[in-house]
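As written, the chains take the letters A, B and C, and residue 1 is the first residue of each chain.
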Amino acid sequence: MDIRSGGECAAMGASASFGELVNAPWFLFLDLMGTVAFALSGITIARAERYSIFGALMLAWLPALGGGLVMDVIAGRNPPGILEQPAYMQAIILTVLAARAVLWLIDLARGRWLFFFDIVRWYLHATRRLKPSTLLVLFDAVGLASFTVTGVFTAVQFNCHPLELWGPTFAMMNASLGAILRDVVRADAHNPILKGSLYAEIAMAAGLALSLLVLYAPGWMVGYGVAAVMVAVPTARLWCYSRDLRAPMF
Amino acid sequence: MDIRSGGECAAMGASASFGELVNAPWFLFLDLMGTVAFALSGITIARAERYSIFGALMLAWLPALGGGLVMDVIAGRNPPGILEQPAYMQAIILTVLAARAVLWLIDLARGRWLFFFDIVRWYLHATRRLKPSTLLVLFDAVGLASFTVTGVFTAVQFNCHPLELWGPTFAMMNASLGAILRDVVRADAHNPILKGSLYAEIAMAAGLALSLLVLYAPGWMVGYGVAAVMVAVPTARLWCYSRDLRAPMF
Amino acid sequence: MDIRSGGECAAMGASASFGELVNAPWFLFLDLMGTVAFALSGITIARAERYSIFGALMLAWLPALGGGLVMDVIAGRNPPGILEQPAYMQAIILTVLAARAVLWLIDLARGRWLFFFDIVRWYLHATRRLKPSTLLVLFDAVGLASFTVTGVFTAVQFNCHPLELWGPTFAMMNASLGAILRDVVRADAHNPILKGSLYAEIAMAAGLALSLLVLYAPGWMVGYGVAAVMVAVPTARLWCYSRDLRAPMF
């Protein structure tokens, strides 16, 4: 047995091991949290740039599911995942409607009476560091991690060779291509992920590490690898964000 | 038999009923009219913004067929509809070439002799309300209706569950995503369909109504539902257009 | 046997004949040269507009492989070609990394010692006409030719009828859609290929000629047709480029 087929055997074991993991309740919870965070990032932009509610739905949909759709097309998954798991679409629609309702309540309450949201804001102000935008960045970083894992899992599941190439590529696509597309739809010539934000690079690096683990390490280590990604990726992302680290220019 | 399987049975009956309808000559005529109107909307922009003939072909192609292509990919139709029905591609190419020829004739005739088109213009001027752009808006509204119907039909045909989600989603995609993509290609930061034009919203609402009819009403009602959509959607669109109604901002 | 089935038989013979050609070493070499040239065109833009290394990878990837991906989706190739031939992805990644290394070496050497690249520049200066950008335009024109051939080959291979429509369409998509998408991602409202550069038009014309040859000429002529395209397309492109010929406005 040469290295190649050994790698393939490891990949098959990894596929089963991955299957258990990505269907585990804790992982689905984190993945859905990431989806909602990606949707909220689109909503925040829709609010700032005066999109309609339908426009907000589009800007919420793209970062959460747009990259995964392109990945599924390349992997040959037919029909793509969003058709088989409508829960993600429904979560995004609910997020947009809930956010609109909350904004409507805030507009209604503003200047009239001391309101729940003022209490929340006051509480957050008091605790200082935990601003709502910080929470959003935190959730977004968790989404970056879980979408990296499901991206590598897709490459393993659909036998995309060589995994050293497709693992990091799919991790990057699943986690960041949708956000790139969102900024393309906004006709933003200063697309941050393409011009220096350390975001896609983190997904690629973690995707490469996880792919190498799947290929060359024993199957039982995949679970630990996933756990390591779920910790390391948000940490790295938050660290880059707080230090305002930039990717090197070409 | 629970509600779910009842819904599926209704959907199967609806699929057959839909099949007859969307292949009926009158429907194909309206659908092709809508395709040409969508293509003309792209051509009008290409003329105003100084695109080349190839650029005009692209701007004509996108609103007419771009959204349907994405819809087919999500529905898992392989190969997509545009490959199986090349008549739509051919209609768009003919529309672009015919429009170019007409514009060339107008340029040739301008200021030389009283020309057919001057007569047309004079006639339209005399009848006042029926300007060419009004005709275009009318045809475009018919296209919005027929593309909504074929969008819901695609969701039914490919068993996309839940139909309450995919019916309106595919209606919206088929009828409006291409026009959104056209404005993305133009790098227009004020994409009208995303920033307040009541267009995609009408397709979604009609798509939802038709999907609910397919799921919960007896099969023979689908035909009447399609007829109602073909009347209600253009009426609603023209009403929103003439009153300049805007979708609520997020 | 009517003309139609005769056309289909010719197409089958053409498919086998094409298969030999596009797998021949000299063709693969030219195709890979075109891929690298397309990638370099993206890299040049990334350098000028201050993209990150990841952004440069995206701008390199799109013109080289983006159009082919859309073409494969329409042709119904599942999974698409880039998954089955990872050599193209790897060539692009290597091109980006090598270009970065060369730029880094240039930056390091600038103003310190007489350097290999200064010698190259001096040599090119001495020979005058052969500037690096001219070389890039030449390679790019070769890529235009080889991507035109593989586009028509895809239409033949997947039995896309009528070939008179899909041959030129796929040639255009494979050779120019990716570059259009690259400029869409850059939010460039003056997308040159859509606004007058004679680029997609050349691919369409050559694709139509090759498709007609496949349909109506004996099978042994396909090889000569491919050779003619490989000579005529770069010649036409370089001629249009040097004379600054523009496509007619709509």
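Please note the rule applied: a contact is a pair of C-beta atoms (placed from the backbone, for glycine too) under 8 Å apart; a residue touches a chain by one contact, two chains touch by 3 or more.
As the structure is a prediction and not an experimental result, all values here were calculated from the model.
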Magnitude of the superposing rotation for chain A and chain C (Cα, nearest 5°): 120
Copies chain B and chain C touch via same or different residues, half shared test: different
CA centroid of chain B to CA centroid of chain C, Å: 33
Sites on chain B at which at least two other chains make contact: 73, 78, 184, 187-189
Complex contacts: residues of chain B adjacent to chain C: 43, 46-47, 50-56, 58-59, 69, 73, 78-80, 82-83, 86, 89-90, 93, 100, 103, 184-189
In the complex with chain C, residue positions of chain A that touch it: 73-76, 78, 158, 160-162, 165-166, 169, 180, 184, 187-189, 191, 193-196, 200-201, 204, 246-250
